[in-house]
Amino acid sequence: MTVAEQMLTTHPRAGAGADTAALVRCIEACVECAQACTACADACLSEEMVADLTACIRKNLDCADVCATTAAVLSRQTGSNTDVLRAQLEACRAACASCAAECETHAQMHEHCRVCAEACRRCEQACAELLGAL
Amino acid sequence: MTVAEQMLTTHPRAGAGADTAALVRCIEACVECAQACTACADACLSEEMVADLTACIRKNLDCADVCATTAAVLSRQTGSNTDVLRAQLEACRAACASCAAECETHAQMHEHCRVCAEACRRCEQACAELLGAL
Amino acid sequence: MTVAEQMLTTHPRAGAGADTAALVRCIEACVECAQACTACADACLSEEMVADLTACIRKNLDCADVCATTAAVLSRQTGSNTDVLRAQLEACRAACASCAAECETHAQMHEHCRVCAEACRRCEQACAELLGAL
Amino acid sequence: MTVAEQMLTTHPRAGAGADTAALVRCIEACVECAQACTACADACLSEEMVADLTACIRKNLDCADVCATTAAVLSRQTGSNTDVLRAQLEACRAACASCAAECETHAQMHEHCRVCAEACRRCEQACAELLGAL
């Protein structure tokens, strides 16, 4: 059991929300994607062809920020903030889709873009599934 | 001229976007609101009646995270990430509205909630105006 | 291989730094600890005895912020920012030690504090090891 | 009176800490510097000579993260977390000094680096003053 799952199942309000498995998957996907995007922005920055990767770096940085915030909002169960949760999940889905599409165009040339695009697609999917379960 | 405004007007792509004044106002409102919400969560935590303020603290923390991310996304002009910007502004408007509504119910008893609610309403308004200008 | 490890080994400057294994461990420990602390702050907030847990919540929130920033700084290999990296690792070690010590005092009563304390101790240890390897 | 100052003076523990004026100045300098560094990273990314600015972008991004976390830690008064506060202020002083020194080397060519360097120097100074007052 991962730490995120342990934290969720030991919460005083554990089980109060809809779908714990979808929630854990989404938190973990957001956390993983935020780190991958931070690292991919920096890897792009170290490429000789950095001038061709500036749009990718910008999308990486946006996606890293959005995913980190989404993971934090998802990690909270106190009270209820469903409208905000839903809107932030939509923003995260959009950020992951945008960053994945950009990284995929460089995936054959840069392995870090391939790994990052896959993390973005997993997170986009996890957000979509959680939105469907809310 | 504020630092945020100077940073925007000295950017190589200055003026490429729609409405610089609305953008500056929104960045500054997000930054101000993020700090206010972080401080309000902590002020609520120090109140004797903290047990009655847990929903407020949760909304403060969500709003702080969402506003900080929105300020960062808004501060970037490289390339274009309009779908993400728009979705994040919608999330920010929702987070500010939710937090303001909660803080307003405690505003007569807690001055920090009154100040925070006002910062949230200004940020909600700035997001709405920028969404209208995009 | 985790995503963090893949991102590090596909970076154009892979291997330029000292100890990749210690770096990966520290990034992953920081990311895990940041999420655990965000979740523990919220779990404490949902406890009936929240009034007795306010110092714990504050340390959780500080530790979450510090760990997230440390993970981001560690994820960057472009150029060199060693003084900053070292100082941020010291801050992270202090934040994890402080939060762990607090959570440990509640660990028998609150499982989420026990899980969080363990994540903090792992992260404190990972920071110490990386500081030793720099 | 700024919002940060209002939040501090309406806090239930207002005045419990040492030097409110130094604390307000430091919170505001950190918030301003975080935004300036996020914007400067992006402005550098949009320069034609981006390949010569990659070390600057990396230091901008580190400084933005460190300043944002420092502002959050400083905004909390509940309980006491002095060791962490002190260590985070040291990291912030180091991040601002490092970023300012880098930006100053480009200040004559890029106005955004000049504005950002000044924000970093103000924040470095505010951290030093607060460390002296703790």
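Letters A, B, C and D mark the chains in the order given here, with residues in each chain numbered from 1 onward.
The rule we apply is simple: a contact is a pair of C-beta atoms (placed from the backbone, for glycine too) under 8 Å apart; a residue touches a chain by one contact, two chains touch by 3 or more.
The shown structure was predicted, so the numbers you read here are calculated from the model rather than taken from an experiment.
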Other chains in touch with both chain A and chain B: C, D
Most remote chain, CA-based centroid, reference being chain B: C
Residue-number overlap at the chain C/chain D interface, same or different (half cut): same
Averaged-CA centre spacing for the pair chain D and chain C, given as whole angstrom: 21
Chain centre separation in whole Å, for chain D relative to chain A (CA means): 27
Residues of chain B engaged with two or more neighbouring chains: 42, 45-46, 48, 54, 57-58, 61, 68, 72, 76, 78
Chain B - residues contacting chain A, complex: 54-55, 57-59, 61-63, 65-66, 68-69, 72-73, 76, 78-81, 83-84, 87-88, 90-91, 93-95, 98
In the complex with chain B, residue positions of chain C that touch it: 41-42, 45-46, 48, 50-51, 54, 57-58, 61
Complex contacts: residues of chain A adjacent to chain C: 3-4, 6-8, 10-13, 27, 31-32, 35-36, 38-40, 42-43, 45-48, 64, 68, 71-72, 75-78, 110-112, 114-116, 119
